[in-house]
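You will see two complexes here that share chain A, one where it goes with chain B and one where it goes with chain C.
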Partner chain A sequence: MLLTSVILVLREVLEAAMLVSVLLALSRHWQQSINWLWWSLPVGLVGAIVFASLLDVVTDAFDGAGQELANALLQGLLYCLILTIVVLSPSNASHKRLMSFLMAAVLSCAMIREGSEILIYVVGFASAGEHAAAVYAGSVIGAGIGVSLGVLLYSALRALSDDRIQATSMVLISLMGVGTIMQATLLLEQVDWLPAGRALWDSSWIVSEQSIAGQLLYAVFGYEATPSVLQIVLYTVCLSVMFGAHYFSVMRWGNLNEA
Partner chain B sequence: MNSIRASLVTMLVAAFALTSFLAALNGYQSSVSETQKLMDAQLRHASAILERAGSMGEGNGGLAEYDSEFIYQAWLDGELIMSSLESPIYALESLKEGYRDANYAGYRWRILTRRTASDHWYVVAERMDLRNALAEKVALESITPLLLWLPISALLIWVLVGWGLRPLRNLSRQINMKRSDDLEPIYEHEPPAELIQLIDSTNSLLARLSASFEREKHFAAHAAHELRTPLSVLKVHLHNLAEELPEQHPGLAHANAGVERMHHLVEQILDLNRTNPDIIQGMFKTIDLHSLAQRVTAAAWPAFSRKAQTISLDGEAVSMQGDESLLETLLQNLLDNASKYTPEAGEISVTVGERDGGAFLRVEDSGPGIPRSERAHVFDRFYRVGNNGDSESNGSGLGLSIVQHIVQLHGARISLADSRYASGLSVTVEFDTEEVGE
Partner chain C sequence: MRIAASVCFFLMLCSGAWAKTPVFELEIRDHLFHPDELRIPANTKVKLIVYNRDSTPEEFESYELNREKVIMGGRKANIFIGPLAPGVYPFFGEFNPNTAQGRVIVE
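After this line comes the complex of A and B, so read on.
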């Protein structure tokens, strides 16, 4: 039970912690205010509680596929928000308020989805009584590992030289953004909204999804040990869109600056 | 605000928590595995006890309260010869020696099958969920203290990092407490390697700054002294020339006025340099401000009388700590300005007193005064009110800069206001309480 709690909580906390770390590092690098953090935390928390308490209603919608669809929708929204940040990054100085809003929206969306999952799990199992101690201890360990990795990632990004912070953060946030599509595809396959194809390969013998390393890779780019063809295709397309959009944005902004 | 201590503590706590949690997980897995091995060994012991009981013809009927948790069977030649109450009448698993897991009665069971020399098969089984719960309980007991002690570790890290950063704090305090005119090198006993470079760079900067101040101190003084000699020679020649030229010769009057202005300017530059608070320290002693004002006012009387101006000195004796010579220069400059800018037959008053426990000196005149918008700039070097280059006033624009230097050296405050006359300026210098002598 403890290991299950660690893995479940770690998966959710790690994803949010890494997003916060990269966004914070970018904010600092762009010399922007980090006020977005202070109001997105309560918004995300309240959103997670509301989402978790409405779980029954959400789950019953769309012939029982409501929860997966809602989560997939949030993941899709996250991808779009991150794509916008990536596109606007070369001209961040001209869009300070918009950037702050986008960062707050990204964190709020991530917290609503991940916070609600943790709440549902912890409240559900802790009330079972006999496993409460293991669930709480597992949750503390999972959250501790996730937050620690986030803090260390932030410290590592801040330690990079100025010309490397931007590039590294952009790569990381792009991978995280595309990772959400991987997760959304999986959710939609689970409720048969997308055809669940045969697994293209099985890399669980190299990195198991249930290991700490597997969770780290899941948080960074939505690691899936047994991806379907559709997942790989969508992943590749979304990754190309993300990097392509960033490249054209850099080129366009560079040309505008030269003009 | 970025704090090295906060960043270091956050990073260290994160790294410590990460390794502690990973170690806890590792420990948990090991504990669970060891507990399972222990329970497997117990299962083997139970099987041996069962064999002993079977050989004594006992053992049928089970263990009452443990029946739902523990099952046993004994088989001989395919027949069940002994079993617990809850045991099925069939074999839990195929009769093959060793440990196996299997499902029965809605639970997962850990089964040990053992064959004896007499060809008896003994099967003992324990419920997996109960075994796991016990193993988890044991493992949790071992890792919970680690979680509870983590805040203590964080507190320790906070305190230790604070201690570790003490040399840096000491250095910054030493630099912060340095007086503005103290350009002596910083000394840190056995500085840490990380600070040696910083201390060396700061000391090198202080040395260059000190040398630069020395150059500035001597340059202005030397330049002014060097100008004095040719000016004196010029004056002598003008005096001789006056003997040969007719009286009231316009060229001579202009030349005399020019030389006088030059002489005044040189004296003012010397004074400005002599009073620079960055490079000199006052010779402080207890003085009576009122008698000082009396002396200076009396000495300035001829200048006032030439313009038929009235000068008055009010107030009472007040003693204070100050540099007598510098305070004389301060009042001379204030009176000089008052006389210059007040028209003929105007009024000038000097007031000395004590207010809020501190001495004050005020000079008021009935001149045109200074517009409020210009008051902030009058202390700038070479600034003249109206900046019209009016040579009539013979001002160098340095008088109030010198006054401000002396005010700074005494830690005093200077303020400009309208005078008590119909028009004019009031200049007040207020000295701090601690500067007032007993």
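After this line comes the complex of A and C, so read on.
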């Protein structure tokens, strides 16, 4: 029970921790306030509690597809928020307030999704009695490891030189944003809202999704060992949009700055 | 009831030229899947209905099937799987991975 709790909570915390590390590094790099962190935590927590307590109703909505639709919607929203951050990044100095809001929204969305699952698990099994101590201890350890990995990534980004930190963070946040599309596609295939095709390839012999590397890649980039054709197509489109939008934004603001 | 719980699968009626998605049912009881082995046809999309008879929540999860879904205590969940190539696809309950284990056999 202890190990189960550690792994479960770590998997959920990891994704949000990686996101928040990159956003924090960007905030610092742009010399912006990181106050968004302090108010997105309670918002995310309340959101997670509400989502977890409504999950019964949500699951049965839309002919049993509600849970997947809600999660896919949150994922899609995360993609749009990150896309906006990426587009605005070259002009971040003139959008400080908007940038703070976007970062808070990203963290809140991530927390609602990941946090609700942790809550459902912890509340469900801590109340079941004999395993309560193991569930609590495991959850704290799992969350601790997740947060530590986040701090590690943040420190690594902060240690980069000024011209590298922006590019590295942008690539990371873009890939995290597009990773959500990978997961959203799966969720919609799961409820037959999108047609599920055969797996295009099987890369589990290189990186298994169960392995530590696989879990990390999943948390950060939405890695799937056996993706469908549709997943790859949507991923490619959303990745192109993300990088394309960033490129044009850099061109536009670069030209304005020179003028 | 036990028979219904064990190998409970039924093909929906085929009306005219087109067949409906076959439905298969699974139960979670005492953190175990009943049945723990499900045989489904290859290259066919099927609908899985998972009933959680426990009072605690469970998460149906499978890396091989690319599926994950939280099922609250006493509720059910619909999960579409396939079309799949023949093979064995393990699944488990993420909240009780040591006991809640099963596999889908595609043939």
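Going forward, the second predicted complex is superposed on the first by the 236 of 259 C-alpha atoms of A that agree within 3 Å, B and C clash if a C-alpha of one lies under 4 Å from a C-alpha of the other, contacts with A are read in each partner's own complex, and residues count from 1 in each chain.
By definition in this document, contacts are C-beta pairs under 8 Å (C-beta built on N, C-alpha and C of every residue); 3 or more make two chains touch, one makes a residue touch a chain.
Since we're looking at a predicted model, the values are computed, not measured.
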Contacts of A:I212 with chain B and chain C, given as first, second, both or neither = first
Quick one: classify A:R198 as touching chain B (first), chain C (second), both or neither.
-> second
Would you check which partner chain A:V140 touches, where first means chain B only, second means chain C only, and both and neither mean what they say?
-> first
Pick one for A:L2: touches chain B only (first), chain C only (second), both, or neither.
-> first
Broader residue contact with chain A after superposition on the shared chain, chain B or chain C | C
First (chain B), second (chain C), both or neither touched by A:A184 = neither
So, A:L19: does it touch chain B (first), chain C (second), both, or neither?
-> neither
If you stack the two complexes on chain A, which partner ends up touching A:L157: first (chain B), second (chain C), both, or neither?
-> neither
Considering each complex separately, which residues of chain A are in contact with chain B in the first and with chain C in the second?
-> none
Flag every residue of chain B that touches chain A in the complex, lowest number first.
-> 7, 10-11, 14-15, 17-18, 20-22, 24-25, 28-29, 133, 136, 139-140, 143-144, 147, 150
In the complex of these two chains, what residues of chain C are touching chain A?
-> 21, 43, 45, 47, 55-57, 59, 63-64, 66-67, 69-73, 75-85, 94-98
For the complex, which residues does chain A have touching chain B?
-> 1-3, 6, 130, 133-134, 137, 140-141, 144-145, 147-149, 151-152, 155, 212
Note: in the complex, chain A contacts chain C through residues 4, 8, 55-56, 59-60, 63-65, 67-68, 117, 120-121, 124-125, 128, 186, 189-192, 196-199, 204, 208-210, 224-226, 228
